[in-house]
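Presented sequentially are two complexes of chain A, the first with chain B as partner and the second with chain C.
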Partner chain A sequence: MGNTLLKVEGLKVNYFSENGKIEAIKEVSFNVKKGETIGIIGESGSGKTSIAMAITGLLENNAEVKGKIIYEGVNLLDLKEEEINNYRWNKIAIVFQNRLDVLNPVLTIKEQITEVIIRHNNLCKDEVYKKVRNLFESIGLSKDWLNRYPHELSGGMRQKVLIAMALACEPDLLIVDEPTSSLDADSRSEIINLLKGIQNSNRKFSMIVVSHDLTLIKELTFKVLVLYSGHILEEGITREVIKNPLHPYTRGLLNSSPELNPYQDLWGIPISLKEEKGKGCPFYQRCNQARIECSEQVPKLKNLSLERKVACNRGGILTILEAKGICKKFTYKNRVIKACDNCNIDIKSGEIVALVGQSGSGKTTLANIISGFSKADNGEVVFDGNKIENFKEIRKLNGLQIIFQDPFSSINPNFTIEEAIREPLDILKIETKDLRKEKVKKILTDVQLPVEQSFVKKKCMELSGGQRQRVAIARGLIMEPKILIADEICSMLDPSTKANMLRLLKELQNKKGFSMLYITHDLNIARKISDRVFVMYNGNLVESGNAYEIFNKPKCNYTKKLIQKGFMKAL
Partner chain B sequence: MGRIINIIKDFSLVGKISLIALVIILIIAIFAPYLSKYPHDKPVASPLKSPTKEHILGTDDLGIDLWAQIIHGARISLIVGLGTALIAGVGGSTIGILAGYFGGFIDKFLMRLADVMIVLPELPTMIVLGVFFGSSIYNIIIVLSLFSWIKPARIVRSKTLSIKEENFIKIAQIYGAKFHYITIKHIMPYIFPLILISFIKLINRAIIAEASLSFLGLGDPTSKSWGLILNYAINFSGIYFTPYWKWWVLSPLIAITITVVSIAIIGREFEKIFKLKI
Partner chain C sequence: MNKPIIGKALEYIITFFIILTLNFMVPRLMPGDPFTFLSNDEVGVSFTFTEEEIKKYKDYYGLNKPITTQYVDYLKNTLSGYLGYSIFYNDEVLNIITERITWTISLVFISTLISAFSGSLLGSISAYYRHRKIDKVLYFFFVSISQIPPFLIGLLILYYFGAYLKLFPLSGGITPFMEYNSYWHKIIDLAYHFILPALTLSFVNIGNFYLVSRNSVIEILSKDYITTAKAKALKKRRIVFVHALRNAIFPIVTRIFLSFGTVIGGAVLIENVFNYPGLGLLMKEAVFYRDYPLIQGIFTIMALFVLTMNLLSDLINKKLDPRLS
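For the complex of A and B:
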């Protein structure tokens, strides 16, 4: 136990309202060590604040708290109201979410802070004033503000005052609830630095930071809990979690943060991918890799590695496709060209991976091998646990689909739009004819093409390049693939069509949750859409990693050169 | 069918006139027994009569009505033409698709066969075969077909070869499409114009070939085609010294010419519309 300050075990919080019981927190357990800062992140409504309130014992009467909250060996939930008061503010203090109504509008700042100190300490007046002044100094506000009323202060100042109030009784555990949510960037970094500074200078108090602001969490916390509808879905060291999220929900949260994705379009986590809710995994409805058993079985928080826990029936984000040691040689007039030399690629479920490189670097060869078009001399491709052979994965629903560069040659111009999209289903005899037609309509809406009969019966040769490419995408998507390989699909389109196409692809990816391997020589586009990047040069994969890191801090010389050239035009 | 009607609407004036002429000939051929009072194989009047109201084109040396002979001759010519075109066109296209699609041994075998047929001198072989098999109209059709399938087969094969490399066919194959599906859905629409034009040209070829064989006296003597009428007329010694040639020689000749020219023009119209040249 030694340095464990707070231990939360099987915490459950239920709210009772007229509409019945709402389970806000379901079985949450975690520890806070002395001097440690942990973060709790999650979307609004995930129960972050409920946990904070439960620990401080500030929940309203309509709430029911079960489980154990052990503070230095004492279960706070067993204590009477008066006894809790001894802990609250003295030992456990909370910085409330910054709202105007948190502070009493008819009292000055000074009166409010002194009130707290007097309530919890036996100090004489002079000592109190001295303390207040010291506090004010430490939060970096001039004492002129002491005699003002709350409404006269700016948001940032009010936040500082709230922090000062929380620190007034020198607590051992500080709970900070959304300290920066309504602040501008400047005051935000000020608050972050303030919290950091105070924690370092004073005797080390522990901190629980509740926020949906990832920068704040990244700056302040050492460990992080990812909360979703009252469940902890992932737990780990903050830096590791942000660098390599292992739960689809965590990744969704990270991808929705503009600070972490300065280049990409922002897309939130889709509201629901599936119709029914299920009794199992809380994230089932929105998860892109859920299986039937996920709707029945609630996942337990399991250790994936030391310090890393994930609650997922499928063991976190799956690696959907893995190519290991791919080698391919072409012999041409006694000259051997190594198109792929020991290439390893992995694609996780629900992510967009870009494969970049100049023409002739072997990108398309690699893509062809991955999709099963050509055979590798060496190495193997594993899709969802099975080796890829003979187009088996292309020929089934929920498999792998590929879209080609040239929409003019990849679709028979004599086909009507409906026939073209329906073709895979027709060939493979999937579903009945009427159902196929229904599916075509659905997919057409997805790719933003009209569904009127007059349009559907048009010949493909009457369509523009962009429209044809949409038809090609629709043909791929009608097979509901888990992974889509897109080989330079935008390179033949004009900028506006290209932009529309990319947004469409990203939207579909987000909505349907498939993974994508996007092959391109256009770095701007790769930077715009990809989560991860592989750089290819002369048949070798020279560098791979997080898109942000590759484009900002490339390590390999070739990548550096490529990026310099690729973005020179833009500058 | 709708497609063909649409194409016909795009015909030029000459093309439309040719089509009408051909349709009239077709109707005449079909309703031949009702269009003439006289039988085409029995003498009904005195021989070598000039055209009169009774006998529009006069009679031949046996006193058989020439008009009756011409309209019955149309039947023979068209049956031979259409029959040959159908057999040679369908057979040739099938061989072409098979050779082009599968390639390899099948392709080699079929194309060598075609080479052999090309090397054989056509008319002499036909004469020999005609003599050998005896000259019934069906034998003529078979013999003509045997020599006519090569051109459509080669054209269709080369087109199939080029379409086969199209991405959309490769994609269909990836999804598991077989020969049957790909031929009907993907290849047929592309080679249909080629087959149509070949078909029209084959009709013409067969009509002319049949006329030539008959003219040489190798036709079926019981089924009097235009070529045979011409053969009889020419063999009438000293015909050009008499006025009889004006109706006896000219009428079958004009019939053949109108038919062949109008079919040729229709073929040309299709070529123009499909932007193809065979």
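For the complex of A and C:
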């Protein structure tokens, strides 16, 4: 026991409705230490609020709660309603989500705060009033507001009142449910600072913060649980989790946050990548790296490191490609040019990695080696557990595909569109002819090209550059690759076509879940689309890391210079 | 803030004028004629008016003037507080009504209070124990009795308590020709006559209040602030009576005032069942004798009463609900 204030063990919450049983929480366990703040994040409907309500015993009669909620050695689920009342507000208080009706509309703020103090303390009237005034002082609200009604307060003030009310009986555990939703940026940071300040100034109470606001979680919490449809999928120290998510769902959540991704287009987690739901992993349907076994086996929350747990049958986000110690030299008129010098690069499943650098820095050489087009002098490339040799991975479904810079030369102009896209399938004799045609149609829709016979039968030479590049993408995607290598695919396109192309690629990536290595010298575009960046200079990979950090706090001198130049142009 | 008040006032004024107009038209559209009726007394002591006399009376009451003039006169008189002269009672309509109105008003007020209080109490209990046995029994009971017509309930109560158990008098509002030793004595006698009609009228309306308060409390109990109150570990009594009922009271108060309309309607019927000397009984007599001025007068007063109550319901809800002020 000792330091642990709250211990939740195997918590299950089921709701019964006319349509049957809904399992809202399935086997959730976690601890809250004294003075510690933990966060619970997840999409709406993931069960965050159900956990909060289960701890306070406030679920309606149609809910069934199983497991243990042990508060200082007492299982709250064993207690009777009257006994739980000794814990409510006095020891465990909750700041409810700030909805209009969360405060009683016909009672004044004063009445609503004093009633809890009177209920839980033996104080005379003056003392109660003094306490309320002190509370208001500590949250920074004038006491004139005490005699007002809830509807006369702004959203931010109401949130402060809710916090003051929750602190009225000096609880040991404060549960805070979405304290910043529906607040403007100003009140939001005010509330975050308020919560931080109060927790530091008062004797340390523990806090559970339930929110989908990642900035709030980042600012307030030490540990974080990532909840999805009643399961904890990832657990760890907040800072670490945000820096380096290990579950595809966590990464999806982080990628959807505008604060954490100020430059990128925002794409939420796709609703479903697969048709069937499966009986295994709850995230199976939306996971980009799920295998058949994931549809059958429910993953257990396992330690990946000391402080990090992930529930994933595949052990978290996979590194799908790893190139180690790649060296390549070219000899030209007795001069040796090191195109790649001991390059190490890794690509995780479902991420977009940008490889940036000046022309001639060796980006294309590296791409060719990774895809198997050219052979490295030294080093090896491992793709999905296998060493890449020759064209093995390009010549198969679910392998690796590359799209080249120049669509005019990468596609045979005398092929019809259908032939060009179908060619890889034809060569490899995958599926029957009719099915292949069907696939071509589907992929054409994906890349937003017409599917009419009149169009499909056109010769490729009749197409514009943008259209041809789409055909090239379609040809790559028809092999359902796990990695798509895009080598300067937009550099020959006009700005509008380029923008369309990038959005299309990002959409397809999000929908199909493949990884992408995007090679470019255009820093603006790299910043717009990539999750991670590798910077290449004279055959060396000089810096790599999270896109936001590379573009904001570059460490390497070359990167600094590159960024300075790259973005000066934009201004 | 001022605009809605003006709008509201205009609404009431227009409603009142429409009622007055209908009031003016309805008796004139009814078949029958007070003068032919006066001549055919039910006792059989028949006497007829001569053509001359009829003409004289019609002149006197202004009935041979063009209808528009009659209408304007009627409006003028009503607005200046003169409701006309009863043909049958030979007295000013206003005098007759004031004499009788206390009976009806007290019947209406007291029975409304009883039914509102007990109805909302039972409704709250029902809501709190929703889906349990007590709720199901109460709900079934009140839904069934609210379907029984008032006069039938009146007759049943009259028969059982009055005729069968002989606990209460069968008719009237006061024992005739009784001499009272004290004021107290008189009150007891009045109450003794009052109980059965009041009980009947309460019974007729209680279902209404029960249903309104049950719905209202059920709705309120599912609100977020009730969860907040529970999380604060407040006592059950405080949750139900302070947090829930303070919010649920608005539709109940509205219903109380709005129900005066229907309660008056019920009172008219029940007064006739119990022969209770209020406006209802008076109205029956007025209709029976085609006493137009009296009918019109009663209607006007009743309409005025109902409109006042509606106005009060608006005003009081505004006072009670901080969100509206």
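As a convention for this text, the second predicted complex is superposed on the first by the 571 of 571 C-alpha atoms of A that agree within 3 Å, B and C clash if a C-alpha of one lies under 4 Å from a C-alpha of the other, contacts with A are read in each partner's own complex, and residues count from 1 in each chain.
The working rule: contacts are C-beta pairs under 8 Å (C-beta built on N, C-alpha and C of every residue); 3 or more make two chains touch, one makes a residue touch a chain.
Bear in mind that the values here come from a model prediction, so they are computed numbers and not experimental data.
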Contacts of A:264 with chain B and chain C, given as first, second, both or neither: neither
Partner chain(s) touched by A:187 [first = chain B, second = chain C, both, neither]: neither
Touching partner for A:120 - first (chain B), second (chain C), both, neither: second
Touched partner set for A:412, first chain B, second chain C, both or neither: first
Partner chain in contact with A:391 - chain B first, chain C second, else both or neither: first
First (chain B), second (chain C), both or neither touched by A:104: second
Of chain C and chain B, partner touching more chain A residues: C
Chain B residues touching chain A - in the complex, by the definition given at the top: 166-169, 171-172, 174-177, 181, 185-186, 189-190
Complex interface listing, chain A residues touching chain C: 56, 58, 84-90, 93-94, 96, 99, 101-107, 115-116, 119-120, 149, 151, 165
Chain B contact footprint on chain A (complex, rising order): 373, 391, 394-395, 404, 406, 409-412, 414-415, 419, 423-424, 427-428
Chain A-facing residues of chain C, complex: 223-225, 227-235, 238, 242-243, 246-247, 320-323
